[in-house]
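Here the structure is laid out as structure tokens; the discussion comes afterwards.
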Amino acid sequence: MLRVAVLGAGRIGKIHAGNIAASSGAKLVVVADPFGDAAQLLAHQLGCDASTDPVASIDRQDVDAVVIGTPTHTHIELMLQAVKSGKAVLCEKPIDLDFAKADAAVSEIEHLGGRVMLAFNRRFDPAAQRLRRSIDAGEIGDVRQVLITSRDPGLAPRDYLRVSGGIFRDMTIHDFDMARFLLGEEPAEVSATASRLVDPTLAEFDDFDSVMIQMRTSTGRQCHINNCREAVYGYDQRLEIFGSSGMLQNDNVHPTTVRRWGKHETEAREPLVPFFLERYADAYRAELEAFFDAVAAGAPMPVTPHDGRQALRLADCALQSAQTGRVVVV
Amino acid sequence: MLRVAVLGAGRIGKIHAGNIAASSGAKLVVVADPFGDAAQLLAHQLGCDASTDPVASIDRQDVDAVVIGTPTHTHIELMLQAVKSGKAVLCEKPIDLDFAKADAAVSEIEHLGGRVMLAFNRRFDPAAQRLRRSIDAGEIGDVRQVLITSRDPGLAPRDYLRVSGGIFRDMTIHDFDMARFLLGEEPAEVSATASRLVDPTLAEFDDFDSVMIQMRTSTGRQCHINNCREAVYGYDQRLEIFGSSGMLQNDNVHPTTVRRWGKHETEAREPLVPFFLERYADAYRAELEAFFDAVAAGAPMPVTPHDGRQALRLADCALQSAQTGRVVVV
Amino acid sequence: MLRVAVLGAGRIGKIHAGNIAASSGAKLVVVADPFGDAAQLLAHQLGCDASTDPVASIDRQDVDAVVIGTPTHTHIELMLQAVKSGKAVLCEKPIDLDFAKADAAVSEIEHLGGRVMLAFNRRFDPAAQRLRRSIDAGEIGDVRQVLITSRDPGLAPRDYLRVSGGIFRDMTIHDFDMARFLLGEEPAEVSATASRLVDPTLAEFDDFDSVMIQMRTSTGRQCHINNCREAVYGYDQRLEIFGSSGMLQNDNVHPTTVRRWGKHETEAREPLVPFFLERYADAYRAELEAFFDAVAAGAPMPVTPHDGRQALRLADCALQSAQTGRVVVV
Amino acid sequence: MLRVAVLGAGRIGKIHAGNIAASSGAKLVVVADPFGDAAQLLAHQLGCDASTDPVASIDRQDVDAVVIGTPTHTHIELMLQAVKSGKAVLCEKPIDLDFAKADAAVSEIEHLGGRVMLAFNRRFDPAAQRLRRSIDAGEIGDVRQVLITSRDPGLAPRDYLRVSGGIFRDMTIHDFDMARFLLGEEPAEVSATASRLVDPTLAEFDDFDSVMIQMRTSTGRQCHINNCREAVYGYDQRLEIFGSSGMLQNDNVHPTTVRRWGKHETEAREPLVPFFLERYADAYRAELEAFFDAVAAGAPMPVTPHDGRQALRLADCALQSAQTGRVVVV
């Protein structure tokens, strides 16, 4: 039974803590958050300890593994602390908004032989897993083109956007990871185009709300990503993989399969599930189980710090491409 | 080149005449209708003769085949006239609203060796043909259950309904034929339930607007039919065939494949194609070609007067069941 | 925090026990099963007491509510025992295979003012709830026709079928309850047709494997149900409600939304989720929560013993209709 | 009644000639092709004159309009000849493979006030028309992103590819036109990536078989296009328009709506309609009617030589981008 500390009692920390508490393979020991009483409330609800000291929580003797869901700028310090304490780590993305820092941290973790998993949860979505298995089973032959659509239901609060690192590092980073997961190869060239079609005032902090990215691997596989910070019809998450002997797609997820026929339109479905917490609820659970399994088996982590570094690298290339109007070689 | 006379210049006569004129395998010689100037207008438009005398048109030397689209009560007389003149006949359903008369007529046609095809056009719908071919190819094994949904977009005019013969003989008759076509066996028992949910005043002439019919063949295959005279979302025409090794369905037909996503509903399609003339446009053309092919090849008619008689028999059984509240043995 | 005993540690008892253990609003106190070590294994896994004595478990001071998942013939005795002990009860369907006994038991429970909920879990499926809410909200106007398709993935073991009470009481009973739930009125007439198309040797105990049922309420609403004990493509559970201003359907549930396009067919989906435990996993959870909520609030039970009696009555009418070839007035 | 000459009796000429012959608003006068007996065969079948001299056919007194379906390198000469003879012209795309020549020709046509329509037939597909109307009606607000998928069922013959002008000018040109049609603005920047994933030997004539293109208009609207010369599942033609208040998609077209459920996969549809002649059969008819209507009304042509020039310009920009690895400003 793996004993786990959760660092951070915000939106994502709550998800992980709840899933750990409900998991039969792990025990939630402590939730740590230096701010307010969120940790205490969560600990009370889930029946574990609360702490305002993440570092002390890492170092507890009765903690085997640490789940880091704190603000991005604290990820590296806490990860390294946990690695040095010999604890297994599941860390939320991104490693850091600064590539050089992230790169150095990944190198150090690798040097230390740290057992760290990066939390690219979408890989664990049942549909994404199904796609990967189908590709591996040769169902569509060689992958030629990957298309990723990823649109948020609505613009995040301005205070969040201001410190988010920009759309490529904050939003597209998930899609860069998915692209690598589905392409099965490293993108070698990146071209991006970026606009402010939702909110022109994002120019204030040089951010964008609507982007398209095009990538190519060294063997010529191609990938398209589109993002928008606002889609009035809901959280739009679709994948398409086109191969030499077939094509695979997943579709969006609705609360139920119910359709309605009326005078003015037919076959209408209910609105999509609201946002990532609902859309990827299963993925968060499966991600944790994959982490627990890897730790228990001493097996390689299914997603590594290197994966975090590569996604960040692609985000930086995309930003550079959007700013310079040039294709960027990774 | 088959030379054809069309009798009746109403809604259905126009469809047939237009299709004959556009067919490369036949020549439209004359359109005959004793009422008004419909025949003349149609003949002018399509470049053929017009007549007010259906019988004389049948007897023309330059006419090889006759398409009968006149009012129901004239079908038998015109069919027999054409058979006796040695002309091939495509006759609209039903043969007659009275089963005894229809039965006698079919026997006489069979006795005379008449070349007559009954116009159950839905059998020639590309989807129905595809379903029949798939069944014949063994794609779903032995047929177990057939489900037929058939709902009109809106109540027909009261003057039409008054003389229609009632919902079973006027509307369900198409579904009885489709049931026989898809079951591949004769229904042996019929149970029907009938309501007035659209217009209670149909009680005036003992008619119904919403019915369900359940049938069973001697080997135990089952069939469900549902009808309604009004579906606000449009002309609803669906089939399902469930077999021992699979299931087949067709879906409704929309003008295009376009779907719309908005704030309040997602994946909504356009309204269905309006009514039977649009929904079965391809079927009307294919029906004519099948008739021409059978005549040209001297082959058996793909739909026979006997098929017309059987569908009418089932309609009468259903009416009797609805009236008596008993299962009726055919 | 409601303290619950689960009686029966078989397939269905396990589901309920697991859901109670994971529920934040209830506490699993004991699992009781007189046979084998199933209760002990389950209790060990979920951290509660085990017992071989269901009656003693009912009577425990620290038990507020009882979930009955024992064999059908024990339902009435255990239900009445629990009612007399003042415990709230959630009892699996059916009350009993014998209508007279079930009727007497329901009357006694009503007389005693027992707090009993019948476990027609499908009502709590999110799609069924969505359909009911949409109907209540007037989205499709007045209900005219309800169509229920319910086919099992494969024939149950012969030993199960032999004591199941027959297809109408064992399988269709769920659909009779769904019909009442969706029609919003009591069926007044029942007509059924039944065949042995999967396994002719079911004749040995006068059972059937493929049935169709047609029902009519006193205001003329109509309902069709079809069942088959075997559908090679999986567990087929579909609903359609046709109303005066629209139509609603739910579709089957697949493990993911992935579709595949290949050389020979396009848009193919994965096989359906295997069977009722997977298909209705959410429904089982929601059913329990609805039970807990009703107990906590002292509110009317969302499904009552009377509902169980009515479904059984319809099953008996259907059997009688199939045997006699007559429409049966309820 | 417009009197029409068709130049070219190849695949596309046959389509146009057949549609003209079947149109009630036009009369097919002559089919001209200098090679072989294709023109004679077609003329015999459709009941018009045949000629081996396209120029003489243009100049016939009894010809009002000319449809040009000859090889690409003859388009400019024949178009100008027809314009100078005062005939209305419907000319197949592209104007020419060489942008400078095409540009000069368009300028000359404009200078001469020629009545010329470019045959971008896909604009007249009912789904494309529906999409344009929905956008114009404000159904999705301001257009933000357009996605175009266009994949051929199989690699064209090598002899065709050798002289095709390359994938951007031969295949993507349709998508460039569609992008302009749906964006409602001119693309200002083009980025393309191109690979040989189907047939590496296309390197022999510097061509590609798999491409992705990304474009941006001056107001920031974005467009993605993907092409492949081979998709084993068939001719894949899809559009998506994402706007500020909704999204529109069209889907591929199948021969029928039939779906099949079996042991190993469910909801499978039939293969797509084979290729462009079948997929855009309605579009070819509607294109001709739009041409006839514009000529009859003296109205502006629905697609102009300028549209042809712009699509060619974008093709050249894409090629340049793919070759240089730079974003190209149009």
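So that you can tell them apart, the chains are marked A, B, C and D in the order they are listed, and the count of residues begins at 1 in each.
The rule we apply is simple: contacts are C-beta pairs under 8 Å (C-beta built on N, C-alpha and C of every residue); 3 or more make two chains touch, one makes a residue touch a chain.
The structure presented is a predicted model; accordingly, all values stated were derived computationally and were not measured.
Taking the CA centroid of subunit B as reference, the farthest chain centroid is that of A. If you compare A-C with A-D, the chain pair joined by more contacting C-beta pairs is A-D. Chain centres here are Cα means. That of subunit A falls 41 Å from that of subunit D. Between the CA-based centres of subunit A and subunit B the separation comes to 57 Å, rounded to the whole angstrom.
Looking at subunit A, one finds that residues 232-233, 245-247, 252, 259-263, 270 touch two or more other chains. Only residues 142, 144-145, 147, 149, 151, 189, 191, 193, 195-198, 210-212, 214-216, 220-224, 226, 228, 230-233, 236, 242, 244-247, 321, 325-327, 329 of subunit A touch subunit D when the two sit together in their complex. Contact residues of subunit D toward subunit C in the complex are 232-234, 252, 254, 259-272. The part of subunit A that touches subunit C in the complex is made up of residues 22, 126-127, 130-131, 134, 139-140, 245-253, 255-263, 270.
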